[in-house]
Every structure is written in C-alpha cells, then in structure tokens.
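Here the structure is laid out as structure tokens; the discussion comes afterwards.
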Amino acid sequence: MSSTTAGAPPVAAAPRVETPFRRFVSEFAESRLALFGLVVFAVIVLVAVLAPWIAPQDPYDLAQLDIMDGRLEPGSVGGSGITHWLGTDDQGRDMLSGILYGLRISLTVGAGSAILACVVGASLGMLAAYAGGRTDSLIMRLVDLQLSFPAILAALMILAFLGKGILNVVIALVVVEWAYYARTVRGTALVERRREYIEAAQCLALPTRRIIFRHLLPNCLPPLIVVGTMQVARAIALEATLSFLGLGVPITEPSLGLLIANGYEYMLSGKYWISFYPGIALLVTIVSINLVGDQLRDVLNPRLKK
Amino acid sequence: MTVFLLRRLLQAAAVVLVMSLLVFLGVYAIGDPVEILISPEADQIERERAIKALGLDLPLWQQYLVFLGNALRGDLGRSFVFNEPALRLILDRMPATLELAVGATILALLIGLPLGLYAGLRPHSPVSKGILAGSILGFSLPTFWVGLMLIMVFAVQLGWLPSTGRGETVTVLGMRWSFLTRDGLAHMIMPMVNLSLFKISLIIRLTRAGVRETMLMDYVKFARAKGLSPARITLVHVFKNILIPVVTVVGLEFGGTIAFSVVTESVFAWPGMGKLIIDSINVLDRPVMVAYLMVIVLMFITINLVVDITYSVLDPRVRLEGK
Amino acid sequence: MPPTLEVRNLRTHFFTRAGVVKAVDDVSFAVDRGKVLGLVGESGSGKSVTGFSILGLVDPPGRIAGGSILFQGQDLAGLSEEEMRRLRGNRIAMIFQDPMMTLNPVLRIDTQMIETVLAHAKVSREEARQRARDALGQVGIPSPEERLRAYPHQFSGGMRQRVAIAIALLHKPDLIVADEPTTALDVTIQGQILAEAQKLCAESGTALIWITHDLSVVAGLADDIAVMYAGKVVEEGPVTQVLDAPLHPYTVGLIGSVPSRNHRGEPLRQIPGMTPSLLNLPAGCAFRARCPRAEARCAEPPPMAEYRPGRFARCIHPYEEAAAA
C-alpha cells in the first residue's frame, strides 16, 4: 500500500517491472464482465461527447423540429427525410438525438457532482482525521445525520428551497453525497496516520500540508476511487429521478430522466418508445458503471487479497 | 433494559430537537419566511397582520421557541392549497404510504430471503449466479423507469392490472386501507413490486453474504458433527444468525422505503404522503413541506428505536450488555 | 472383534484451482475400544483433515479420494450422507479446537443440547432435557439446570469446552475425535479435561482420537501415537516407545523442540526450515529438505516399514537407538 509514498527506489533499468499500477490493471482485467462494462461506459462517454457531430438532429434547434413529425414510431422516416430509428417525441424531436444530448447532461451532472462532493467530502474527512477531538466528532455527527436521512428526500427538500436548474441539482447531489467520501477518507486517514512512516514524516518536521497531500491523501485514493465510481452511478440515477419528478433539470436542458418523464403521458396510449429508449440508455449507463465499480472494489480492497 | 431504553429515548429527543432546528432554519432563515409562510395572494394589510400574528417581528431565537411550542401542540401550520392543518393532511395520507411500504417490505423478505439463502448455500450453481446478476440489475434499475415499464406491460399491453390510484378502500380504525379489498389489492400489486425491487436486491445480497460467512463458522460444522439434519442447520443455526443483520438493515431501510415511495407514488398516482409532498413542492405549499419533514424525522427516530430494541431481542449478546 | 476404527490408506485431497492439495495422503492407523490414539503433527500436517474425513465433514473442493475408514468393521466411505448423519454425534462424536467458536452464539445451551438428543433418539423433550442436564453434570458443570438456560457467551472458554464435551457424550459414542480440544484453554483446565477424558475412555470403552501438536499432552494421555508430516503418517507405535526411542528424524526433531526442565539453560533445538506447501509436493520424502540425515535415496518415496515389533516408520534410515535425548 505504501509503495506510492515511500519513495520507491529507482528501478529504471528493469523491463516489465510489476508496478502496483500494472498489477492493478491485470487484476481488473481478470473479470470479463467488468472489462465489458468499462468498454460500454467508454463508448457511452464517447458518443455523449461527440453528440453534436453524430446525432442525426440538433434537438434544441427548433428550426429542425417539425410538429408534424410528432410521435412517430421507431424506424419511420420524418418529413425532413431523416430516419427516426428510435421514433420521435410529441414535438417531433428525434429520440436518438435527444438521448445522445440527454446523456451529455446526465453524465455531466453525475460526474460533476461526484467530483465536487469528493473534494468537499475528502477535505472534511481529512480535517476530521487530522484535527481529531471536537472538530472530528462534529463532522462525524454531521456525516451520521446525513447518511441516516434518505438521499432522495434530502435532495428533494434542497431543490424545493433552491428551485430547478442544473447547478441546483449539482448542489443537492453534493449535499447528499459528500458524507460517503468524508467517512471513507477519515477512516483510511486514521489508519494511515498511525503508521510509522507518518510518524517519521512528523519527526522530520515536514509541514502538515506536505504530510497530508504527499503522504495521507495518496493512500486514501483506492477507497475513494471505489466510492467515487459507485457514487457517479448513484448521482446519475438520482438526477434522473429528480428530473422525472419535475424538480431536477429545466425543460430546456432535458436529461435522460426528463425525457422519460416527457413520455409518461403517452405511455398509456401505447406509445412506449418515448420513455422506453431513454430508460434503456440510463440503465446501460448505470449498469456499466456499477460493473466497473464492483470489480474495482474487489481489486482495490486489501481485505479480499489472499 | 430500562436504562438502555431511557438513554435511547433521550438520544431520540435530542435528534428531534436538532432536526427541528434544521427544518426551522431551512424554512425561516433561508429564503424569505413571509414569502414561505404567507400565501402569495395575500395583500399588504393581510401580510402585516400575518407577520405580527406569526411573530415574525420577534428575534430569531424567540421565533424558534414559538415554532417549537406550536410543533409540540401538533400545530405545524395550515396548507395554502387545502386550507387545512398541514399535519392532518399528512396523517390522512399516511395509511396509503404505510400499507405500500409494509407490503413492499414483506414482499421483499418473502422473495429476497429464500433467493439469498439459496445463492449462499450453493454459491457456484448457475441459478445462484443468475440470482446474483439479477440483484445487481435490481440495484441499477432506476425505480421510476421500472414503474413505467410495469404500467406499459401489465396495464397497457396486457391489461391485467389497473395502472393508477388506490382502488376501492375500506375504513378500519378510522383509516382507509386498500389491501383489504380485491380491487384495492389489485391496485397495490404494481406499486408494491416497484417499491420492493431495490429491497429484494439488498436482502438477496445481505442474506447471501451472511449465509456464506456463517456456513464457514465452526459452530455450523459442529452442528453437522452433532448429526443434525441439513434442514435444521440451515433453518435454525444459519438462519437465526443471518436474521440479525437482515432485520437491522430491513428495519433501517423502512424509513428509506417510505422516503422512496415518493417516486413510486408519483409514477402510480398513489395518493399517499409521497405524492402529497411532490404536489406540495410543485405548488410551494411550504407548511405541508415542513409538516412532512417533521413527521418523517419522527418516523425515522421511531424506526431506529424499534430496530435497536428488536436487535437486542434477537442477539443475546447485545441484550445482556444493555442490562 | 475388529478395532473400533481402522483407517486404511486414506487419501483426502483438495481440488483447488491452483492444483491438487493432498492434505491427507495414504494414512493408516487403528484404535481399539477404550484406547487413546494421539495424532500428532504441526499445523498443516493434515491431522485435522483426517479427523474431519472420519466424520465425513470434508467440504468441497476437498473430498476423500481413496482408502477406507472402517468403523466397527463397516466402511464409512460407502455410506450415504443420511446414513453418515445418523452416525455423527451418535456413535461417532467430535470435539473441536476453539470452544469460543463451536457453540452457536444466538442459541441457548439447552436448545443446542436438546436438538442433539432429538436428532438420534425418539424421546420426549422433557426426557431430552433431562439427558442434557445429566451430561452437563457429568462434565462437572455446577447447577446444570440453571446453566441450560444460558447463552454460550455467559460461559468461560473452559466451561464452553465442557459443554461441547457434554454434547459429544450425550449418546455415549463408541468413538470420539477430539481436535486439539485443550489448545485454547489454560494449563490448569487443560489438565482437568485430560484427566476426565482418560477416565471416560477407561470406564465406557469409548475409543478416542486425540489430535494435537503438543507432544506433552499425548505423553500423559495416549496409548498409541501416530506422527503426521505433510499429509502422511511418518511414525507410529506405542506412545512410550516412540517418545523414548523415536525412529523418524522428524519425530526426533519434534521431541527435541519441546522445552523441558532437563535442558534448562541450553538453547532450544528447532527443526530448520518450514513445513512444505502441500500444493504440488514433489515425490520422495517430504521431510528431506529439513532432515539432517537426508541423502540422494530420499528422493524416492520411502515405504512405511516395521523396524521393531509394533514400531512403524516411513524412513529409509531411521535412528536405530535413542537419539532424541
């Protein structure tokens, strides 16, 4: 574990050294399913990034929409000559394009909130571990309180007070997620703090900042990565749920959740595709992240090592 | 046991106090309390009178005490929309949510425990791998989307089940229940399945992990060395041990189920607390939001307390330490 | 009359992904009525797996790959799981190593005892309870009626082991396999339990296999001794003869590393090296890497041979006279 920090001796000459990273990669690749998840997720990210170039239509450009094309079945050809492989919604918007653009928003919100929550949570967790005493117990009480309260409710309330909007959704997600990171970092940091190398660093009178960033934080990284991966999936699901309930992203920036919500009323008349395909996209995204996360947890968890 | 109970009750009271402060600050300090508590349609004179009546001209700590005093008397304000006491509105809707949440929990236990037990006892069989894969899917599926798909398949395509509402209800103990009528039960099935999906996955995983861990214990091997039948070993020796973590998690999750019924109730237009709170948020009916929050907090604390007590009954080691 | 238990060429192998682990590889021994056999070896020598094999409690990926286990003349390897279950806890009982782990923490002592009675005897609950109470009294637990209603965590380690022994005795078995039952206990309690075990065998005619790594325990308790190393019995014979004049270099080393009063002030002798991994063990004598007398011929598997009447060893160049002293 400490090889990343202990200042590994220079082994430049030896080819194919078993570095911790290489071992990590080969262990991760042991699970075909996880590898598959990783590839699927990479493809999803790629198409989301490239959406403006590969989508058949710009779903935000009202000039390209034709209300006459509304609610077309999958595979039908619209008035503009585009084949709508996944059908159209009530506005005549191509569902495939809508999904590609929706993925961008879902992924941005998910990843953005996870990164922000990680920064906030990790800092507070580190502060708790390092300061100890009352600061520690105050922060941990907050963590307990946060974790005992269902995320969906906390997020709903925050959005109720703040109102809709991508930024507000991100804030709500950060508020409900920071505690996981804080708990993880504090737990790991408390263990690492007692190790000899930290004591040695303290004896050398290294500045606290250096000890935290160069010594403690790198060791908290593996559990943080595991928690982070799982939280991205959770954030994406939560954002979709909030948007479905009408409290998430605004209509002008439809995420997958909002697309699904838009199809709700047409569902009862048998026009399934408006809700169905965005749901599949959401499902595949979440499952692929969870598959990767599951394997990461197994590989990075030293307790499971035999 | 009495000391243990008393200590837990005191802790619970402290948490309620803290939460009431948080809710108070959330509603009164963030945003304009006048805007929050007084109907936007009120004119200037009404507003001033209301500000005086509500004591909004007092310092914040005094306002908190007033809020607390009212809350203790069960007065959490009146709904703007329904013009009814907010608390009563919530309590009216509570049976609908409770029957859904309890039904989902029972369903989850009925499905999750046997499947988890099987997967734990035969970890390498293909069926167990299928069960495990299913539970991963159950974790990943967005609840609301599954709900929509259920409606699409069973209500729209097959026409087997009604898609929305509570159906016919019966009044028992002054509350309306759906699960006592055929029609009500038919309405309950889909929301119940939807709400239990996540819990089934959770229980499968917990049970499976618990069984695998317990099967390795010396006392299971000793039980086999005693010549007990496999059924007795599984159902008494293993099961009683895994029941402890399962009961704890299921109990603690019950609060989460009630919270999450917000989503299920919205999908199936089930008129419970969850649907009410979403509607209230959409029309900014803040007294209802406050009342809902306080009720939920109280429920959570009660659930925690009940779980702790059940836990101590199930696990003799805890029971004695508490004495 | 056949011996109570006769194990012939037993092989218990574990078929793991990394390869076959031959935990027990060609082990033979016999125990007569009322006799005590000490099965001695370091951890990992296969002595516990031998014990579990006798009771049919080897879990996958392990299984009995060969040999026979004759209990009162009947081969246990040929029995169905249900027939085996009817013997376990009834005619053949087992006592485990760690008394803190053998009793189920969430069940009361009476539950755990009564279920054992009812598993093998058609008696009323009250009768079963009576038997449980008597068994507790027999192993020296004071106020058994009251203790029946207690949970395991309310007992000390020594008391728990007594409860486990009482459970083993419930059906007056013909054979008890005791897997290091005193290792986790205090020395004084260890002494008491040993004395009781000896008395029991002499009185009831129960055959006892006492698995241990502690030669001093065996010295005072057993009639015969079988020393195991790397899944094989390397030496076997009457306990006093083996301890006084060991044949196998491993037995010599084992005896030499027991601290004793006679060697006070001298550095303790120890066997160099480590127990080999049982995975893909090379052919030949498994002890040769650590053996002071090893030679080229040791690369051939040594046969079990009778060097003196009743004295067997698996070594091509045994110590012919007392070498351990």
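The first chain written gets the first letter, and so on, giving A, B and C; residue counts start at 1 in each chain.
Keep in mind that, in the parts below, a residue touches a chain if its C-beta (ideal position, glycine included) is under 8 Å from a C-beta of that chain, and two chains touch if they have at least 3 such contacts.
Just so it is clear, the structure is predicted and the values come from calculations on it, not from any experiment.
Among the other chains, the CA centroid farthest from that of chain B is the one of C. Across all inter-chain contacts, the pair with the most C-beta pairs is A-B. Chain B and chain C have CA centres that are 53 Å apart. For this pair, chain A with chain C, the centres built from the Cα atoms lie 55 Å apart. Inter-chain spacing, taken between the CA centroids of chain A and chain B, is 25 Å.
Looking at the complex, you find that chain B touches chain C at residues 217-219, 221-229, 232, 236-237, 240-241, 244, 314-317, 320.
Residues 145, 148-150, 152-153, 156-157, 159-161, 233, 237, 240-241, 244-247, 257, 260, 263-264, 267-270, 272, 275-276, 279, 282-283, 286-287, 290-291, 294 of chain A touch chain B in their complex. Against chain B, in their complex, chain C makes its touches with residues 52, 55, 57, 85-90, 93-94, 96-98, 101-108, 111, 115-116, 119-120, 151, 153-154, 164, 167. Partner chain A is touched in their complex by these residues of chain B: 18, 26, 30-31, 136-137, 139-145, 148-149, 151-152, 155-157, 163, 255-256, 259-260, 262-263, 266-267, 277-278, 281-282, 284, 289, 293, 296, 300, 304.
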